[in-house]
């Protein structure tokens, strides 16, 4: 097994369908990662142990995702000196539209920062981890730059096709 | 020293001027309490130790207060089977008007509840603790009932005076 | 019939499918409870009578749930010295995503606290009642501790399986 | 003493400096009114008694004002068939900027309406009561129409002066 | 045709399925009403004419409903001395969950009040109109009191059945 | 090809089904327009180039639409002296109900305004462009006036039919 | 007197200290303007008359500013085919932090757009009007471009000085 | 001069008193940094040039801070592959309590992440940059760990003193 550089931890396995987006992005970059299900409220000691021991185990970045009163990223950041990326998740049944998780993740007290991405933004957590890891591995930095170029090309290609086809034909072709 | 029945823990000593309201209320009820400054993000292990050991030490209720991404009450509840009362605090300089602390305190996941009171409602945390302790000590229950009567009498006295004096004289007397 | 230790009261029988979660949790703990439908705005006198008489009838905790301008928990707390747990409910058709019920339940004035749980958090109301009742009955406290352990084991088991199977196989098995 | 047509009830005498605006407006219209301090949470039975007996006592409209979890107007409406006007009040120290009181006042369940005015809009509560009472007393309706004309004239006079003086001179004169 | 006592005006005929709830309630009370579709932004002059002439035409109350930047109730109130009831409506496709319409309706400037009911609360607009009209017609007041009694009886009957059947059987019977 | 007077630019082709509403409105007015897909975050240089060169290319108005952290309109306005119309879009999966895009679009710093329309209000962006272009082309101004008349007539016709048919028959006919 | 090209209308003369910012900006551009105080709720007919007659009087753009339930811009747009710029204003005493005025101004229904700028953004309303008028007067367009250059130079000069002096000396000099 | 590892860029020099907190923290860690004033809306080309060239110039992390429609961090992230930390700032005069800047900073589209810290959290931006730089420089990582220990010690010392002195004496001593 490869030693993971990034740990992706989430509060519940119901978050997995969204959060796999972070793993998928990291895999695209060839960044070894491990996905964990550990709740700050149900197994706080395991979260503490994971976070406390991560740096020594060779982990570089921890991505932590949770919904509602989303404490997982903050608690993780409290137990490590590594950068921690927080992903606030929206919970359909409990209202507040993700604002609860966003505020619970981003509004950290002085000295214990969480690098927060958008609501449900699992993929951006992966891209942010890659930008950070690019600082220690030029190959990853090159892939991030390449990815940014591909984003630009993709949009440019769509723009060119739209200008060529017009709105109706473009939407018709897309709808196929 | 008396063994405290209630621990009042807060994330920062800047919360003390507001949170002493909880201690004052408990003192009025004659409920032994102890005030602590322990941050979920700065000394997470101490918070865990305090919460884990509280029941065996004879504590019955923990009041936890924090602002912004207010994780203290939730983290406390994760480490104890005692009832935990959460007090969300407003932070003047960081925006969001207390909504961040409220959401971070109340929106707990299934199985780990926090008994949340209003924003900055330190006194109500004390009254709620007293209502809970009234279940094990009839003397406290009697004092809660007595307090409720005094609240009613105080409002009724103001109402009577207002009806007697009229608005202008009432406000003039109050303003003195 | 067993004398109920907990009354679960809600403003409308349309709240019953959510709020039965509180009763289910209490039943798991073996805590006798009774479910009532009483609206603070439609039968205010019955709410007042229920709350005023609850302590003498042997009730220890009242759980009150309502949506929109959710006054039920506050009105209940005004008529008793018992601890009152408030459950704000989301109302699909009337907007505001549950924030209205949350604010109406939690922002109580000094002296009349409501122990508020999250939006729609019926189960947590049950767990909070159990934590409170654990103070007077060690058997319940033991069950709460046992429940907390089971939560931890459940998450740990999921985490172990996820590490063993990987994301794809885990989701495939879960989806079956 | 004149029998009051309008009762103005508020949850605390700290609301009086704002709520006297309602009384002032009613006095301007010559509408007999009485100001009361009665809290839905501290003297719920007095609120119930006041609301239940108001119609028989000759009261036509009840104005109820409260902040935070503002239950007073809704509880009043639950005990009377009279129109109840609700005034949500902002509470400086408890966050949420008045949204809590607004939602707690306006989002009433079907069958028990509260005629809600803006946050802190004590004067508009008085004007709304006058519009309602204008339906039973043409003299009041005439005064409301007259007041509306005076509002128009006041604005028109300011507009004329502003056009005459220009912005600088207008502000200089106003600042004197 | 009977002269309408209440005009129900809305900004779009897409509001009719919700707003017919106001007409239905008024019909139950036997209160003559007329339903109109007139937009403050598309036919402002017709709105002005309707509102200006309403009192002389024998109308007593105007109910105005709109969504988004809901100006209809405020503009109506600007052209009449009658009480105007505002119903803020939620618009699915334009976000903000009805908060936009609520704020646009309730936050009126001093002197021009709108009696605002909850988001989408068409029925409560009807009940509020009936409470107001009860001041000039004792028969309507009696019907409002009767309706309040029926609300209470309906809740009490549900409560009795729930206590008799228990949660499972109650929900099973309701689900049939 | 006709030289476009209006450029409609959006951040993603997933915005096209909504934003075509702007093109449709402009086409109705006979205003030449071009639809582009260019993201402020993926091809910032192309956005800069498009905006910087628009005036010299004969463009008069730029409509820019984006969701979430909607920077497109502001970035466009930073690179041109032309009026820029911003359309905030709601993103279903990322919460916040469009408030994020609205705030990101409208709250521009002094000196760089964006003419913001409502959430998802593609059509209104078209109508606003037409009002602006009506200042340089009386024919367009005449069409805007004609459109406003048609809006009025459409509402008036619905109002007349509703008064004739009544609510039930009107809804039945509409539902066909 | 010069015929004004821009009318700046506001709901109250208490808005004048903020809204004079729009006039100041227009004066800088040499754009003739007139400032008016006219309320949509107090003198609706004058607002209608002003808006209806503006185009024929040679006005090109109307800036309308209001707070709370800010109907002025929308009502103005309903009576003219000219572009209308809306400025939502914050009202200190009535809560909601300007969100009420923003939503009431921007969320206009299809067909009646308001070009909304930020909360209290009087200056940006002036700059937006200048961008629009630049379409009919190249001299104004040139001044807008010149203003944008001056903005850039001002920021660049501050940046250069900051790099030269460092943070401490820069703040010290600025504080003088 | 030392080559800066971190660039701190802000939209206006009025942000400097808050944002110097980031520089102060970096200086404490001995991390070379440079403070810049560059607005995404006033000098977009300079922002693009700074961001595009940062990696080649040896910069490792960019901290970008802005208020209101805070585009600076997002625009910066669009022009670099480096990690970008965004600091949303509250603007007193423009309402919305910092929510506008938070949403504008954090809700970035897929592929272009911004590592967002709390509202006004300049210091946490510095600490987060240090955590990231700790991955490439063990000395910095050691200082972060040391800082975390000092945070813990500071809180523990306050807690010990509070337990020793009690609330009154503690506040008295602090107030001196």
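The letters A, B, C, D, E, F, G and H name the chains in turn, as written, and every chain counts its residues from 1.
To be clear about the criterion, contacts are C-beta pairs under 8 Å (C-beta built on N, C-alpha and C of every residue); 3 or more make two chains touch, one makes a residue touch a chain.
Keep in mind that this is a model prediction, so the values were computed, not measured.
Copies chain B and chain C of the same chain sequence form an interface built mainly from equivalent positions, shared numbers / all numbers used being over half. Of the chain pairs listed in G-H, F-G or F-H, the one whose interface repeats that of B-D (more than half of its contact pairs identical by residue number) is G-H. Mean C-alpha position of chain D lies 47 Å from that of chain H.
Rounded to a whole number, the gap between the C-alpha centres of chain A and chain C is 33 angstrom. Distance between chain B and chain F, defined via averaged C-alpha coordinates, is recorded as 50 Å.
The set of chain G residues that touch two or more partner chains comprises 12, 39, 42, 68-69, 94, 96-97, 99, 102, 106-108, 111-112, 114, 118-119, 121, 148, 151. Here chain C touches chain A in the complex through residues 90, 97-99, 102, 118-121, 148, 151-152, 154-156, 158-159, 162-163, 166-167, 170-171, 174, going by the rule given at the top. Partner chain A is touched in their complex by these residues of chain B: 11-12, 39-42, 44-45, 48, 67-71, 74-75, 77-79, 94, 96, 99-100, 103-109, 111-112, 114. For chain E in complex with chain F, the touching residues are 12-13, 16-17, 20, 23, 34-39, 42-43, 46, 68-69, 93-97.
Taken together, the chain G residues at the contact with chain F in this complex read 55, 60-61, 81-85, 102, 106-108, 110-119, 121, 123-125, 127-128, 131-136, 141, 144-145, 147-148, 151.
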